[in-house]
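Below, chain A partners chain B and then partners chain C, in two separate complexes.
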Partner chain A sequence: MVAQAIFWIASAVAILGGVGVITLRQPINAVLSLVAVMLALSVLFLLLSAQFIFAVQIIVYAGAVMVLFLFVVALLGPGRERTRGGLRLHWSLSLLVALPFFGVLWAMLSGVRFRAPQKADLATFGSVQQIGIGLFTKYLFPFELTSILLLVAAVGAIYLSRGERAGHGAGTADEDQDDRA
Partner chain B sequence: MSSITLAAPDPLGLYTNPIGHWVIVVVAMVVALVVLMTGAAYSVWFERVALGRMQRRPGPNRVGPFGLLQLAADGVKLAFKESFAPRMVDPVLYVLAPAIMVTAAFLAWAVIPVGIWYGFSYWIADLNVGILLVLAVSSMNAYALLLGGWSSNNKYSLLGGLRAAAQLVSYELSLGLALVPVFMIVGSLRLQDIATYQVHWFGASFPLPLILVAPLSFVIYMVSAVAEVNRTPFDLPEAEQELIGGYLTEYSGLKFVCFYLGEYINMITVAALATLLFLAGWEGPLLPPVFWMFVKIVFFIFLFIWLRTTLPRLRYDMLMRLGWKVLLPLAIANVVVTAIVLVAVQ
Partner chain C sequence: MPDYGQFQSAGGTLDTRWFLLVASILFVLGAIGVLVRRNPIVILVCIELMLNAVNLTLIAFSRQLNNLEGQLFALMTMVVAASEAVVGLAVLVDIFHFRDVEDVDELNELRG
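And then the complex of A and B:
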């Protein structure tokens, strides 16, 4: 019963946070709503006995990615990004996008049946050892492909940011020193 | 519910009884809270006395014997201060920031084991991911500093908060990577497994301080830990000569106490982690484990204070270069070399 209560609370926080991300006017509040979504998701992972995913979800998403979001929003300064007027809805356009989306969602979810999870040994399920064995045996190929994809993305981002600055001809003191070195 | 084990005999069957179990956990949490708050207060006293002695002055010595009650006096003074907020602050985030700081600081102690007596150690939660929870919780500190700096509506606070966020995110990487060789050697992320790690060499098994097999990990961990808890030479988020007090500038009264308390508890936490990870935790000759654990933690706290009196503050670009171009590659190389050695040995 405790687990069910936690599930409902975490789900409610996740959904409210998601709504908050798109409706809150202040950018910093929108970012914090997204943080709440991330933390609620990590609680849901923990309820599924996925301890490692729980910790990684907090460290990577809540602890690093969202801090960088917040960093950028804080750099822009309070209030500068505030939108004028309310959230305007273009009904016809919204329906054009929303109807197919909900249709696809319905088509996918109507095939899903509630079922008890497969029997797993909860002493080892979701543990670091289990995830490690999975990553380095069964899922080794997709795992390595993903790492290459992320590396390409990182190199691309660095290339784009460097190229732009070189075009302006002005870098920070740190970069100038690096160029000389 | 995860199975929680106690490394001690349980004659009354108290721990297998669900109600008795919760009673023990709640009592342990209260004890941890009180011990940590007292510990944080006396770390401040210890720091002020040690700083004083190193600078050839007595330090606090008027309130109580050896100035031991100085922190009680300071606490009462701060509690009675007017809790004002500057104009135009974000009222919710301004209060939320110190709350996050102090909550995260206490939460890390859920998985930190404490050796109490021979064959008897206690930890509140037995998680398979162990130390990852400490890292996850300590990554929440970035929010406290960033939100505190942002919501204060003050340019110095904002700069301090931004510096804090960049610094914490950068040094978390090398901190985490520095610990990977330790995990590889021990084969577990649980702090109690790491602290009681035994080697079987020459037909005998004995506890081995992991600093002897992973010295580079220890060095990278210590440097990153000093940066993580914002202490000199890495205290740029609150560099008083340039930023007044950084994110702390606009805080007073109990909200200031929350930040300060969180900072000192974090210092005790990284000292305890260093003890458990690299100095064989509570193992030691002759005297009971609780003594050894205490002495080792105090040693690391003294090390932090010693660093503070010895080293000047780094410049911001130097800090970033040290984190990304020195510590991170070193930590990765350390992981690779340890992996090769481990495979070769086995």
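And then the complex of A and C:
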């Protein structure tokens, strides 16, 4: 009973946060709604006995990635969205695509037949030790590849966001502004 | 035939289908956000929402099957999502150096 109550509360918070992400006009409010979604999802991960993922979700996602989003929103200013003409049609057409998609997901979900679970020691399931054994034995090569991916992402981000272009970027930007004017 | 979808948690019995339902709702919300929002930062936020929904399905199936590989896949997804967010935000900052973008439809310089 306790687990079910926790599940429904966390799910309600997650879904309300998801609605907030797509409806709130200010980008900073959308980002803060996503933080609420991530914290609620971390509670769900804990219910699924994924303790390590729970910690990573809070530290890396809600901590680091969302703080990066908040920094960028603060840096770029409050870009309130304009409500141009045609936005209402935009919403209805999007719902026309998304609702059948949800219907397909729901149809697959209601017809699903689960395989029998494997035998596992639930006392250690999802612990740091078990995750480490998986990452450093069977999945060692993908694990090393992710480090290369992170290195490439860091180098790319530094390259893209460095201040001065060597004479090239500024010129094209001015020409671009002239074209638009 | 027993219902393998249910599993015992510390405080009671839970059903994997509930988690999958929540994940599909969050995924569809993220997809709607990508379609209707115009601010590029918010579109990146909606993509993060979809990736999180997929993580929830991976971890739910991992728990249902008592197989840890789903959690390892979720970790990989988190790494890729972090990289994607970093590079996407860097591209946005670079674009915003030139001008303010309130609508992704304004970024049409590559149009022939």
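Everything that follows uses one rule, which is that the second predicted complex is superposed on the first by the 120 of 181 C-alpha atoms of A that agree within 3 Å, B and C clash if a C-alpha of one lies under 4 Å from a C-alpha of the other, contacts with A are read in each partner's own complex, and residues count from 1 in each chain.
Keep this in mind: contacts are C-beta pairs under 8 Å (C-beta built on N, C-alpha and C of every residue); 3 or more make two chains touch, one makes a residue touch a chain.
Everything numeric here is computed off the predicted structure, so don't read it as measured data.
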item	value
Touching partner for A:Ala74 - first (chain B), second (chain C), both, neither	first
Contacts of A:Tyr139 with chain B and chain C, given as first, second, both or neither	second
Contacts of A:Val128 with chain B and chain C, given as first, second, both or neither	first
Residue contacts on chain A - larger count, chain B or chain C	C
Contacts of A:Phe52 with chain B and chain C, given as first, second, both or neither	both
First (chain B), second (chain C), both or neither touched by A:Val35	first
Touching partner for A:Val13 - first (chain B), second (chain C), both, neither	neither
Touched partner set for A:Leu149, first chain B, second chain C, both or neither	second
Touching partner for A:Leu109 - first (chain B), second (chain C), both, neither	second
First, second, both or neither for A:Val43, with chain B first and chain C second	neither
Common interface positions of chain A, toward chain B and toward chain C	52, 56, 64, 68, 75, 126, 173
Residue ranges of chain B in contact with chain A within the complex	3, 90, 93, 127-129, 132-133, 135-137, 139-140, 142-143, 146-147, 149-150, 153, 158, 161-162, 165-166, 168-169, 172, 176, 189, 317, 320-321
Contacting residues of chain A [partner chain C, same complex]	1-4, 6-7, 11, 14-15, 18-19, 21-22, 27, 30-31, 34, 37-38, 41, 44-45, 47-50, 52-53, 56-57, 60-61, 64-65, 68-69, 72-73, 75-77, 79-82, 84, 87, 90-91, 93-95, 97-99, 101-102, 105-106, 109, 112, 114-120, 122, 125-126, 130-131, 134-135, 139, 142, 146, 149-150, 152-154, 156-158, 160-161, 169, 173, 176-177
Touching residues (chain side chain A, partner chain B) in the complex	28, 32, 35, 51-52, 54-56, 58-59, 62-64, 67-68, 70-71, 74-75, 78, 123, 126-128, 172-174
Chain A contact footprint on chain C (complex, rising order)	3-5, 7, 9-14, 16-22, 24-33, 35-39, 41-42, 44-46, 48-49, 52, 55-56, 59-60, 62-69, 71-72, 74-76, 78-87, 89-94, 96-103, 109
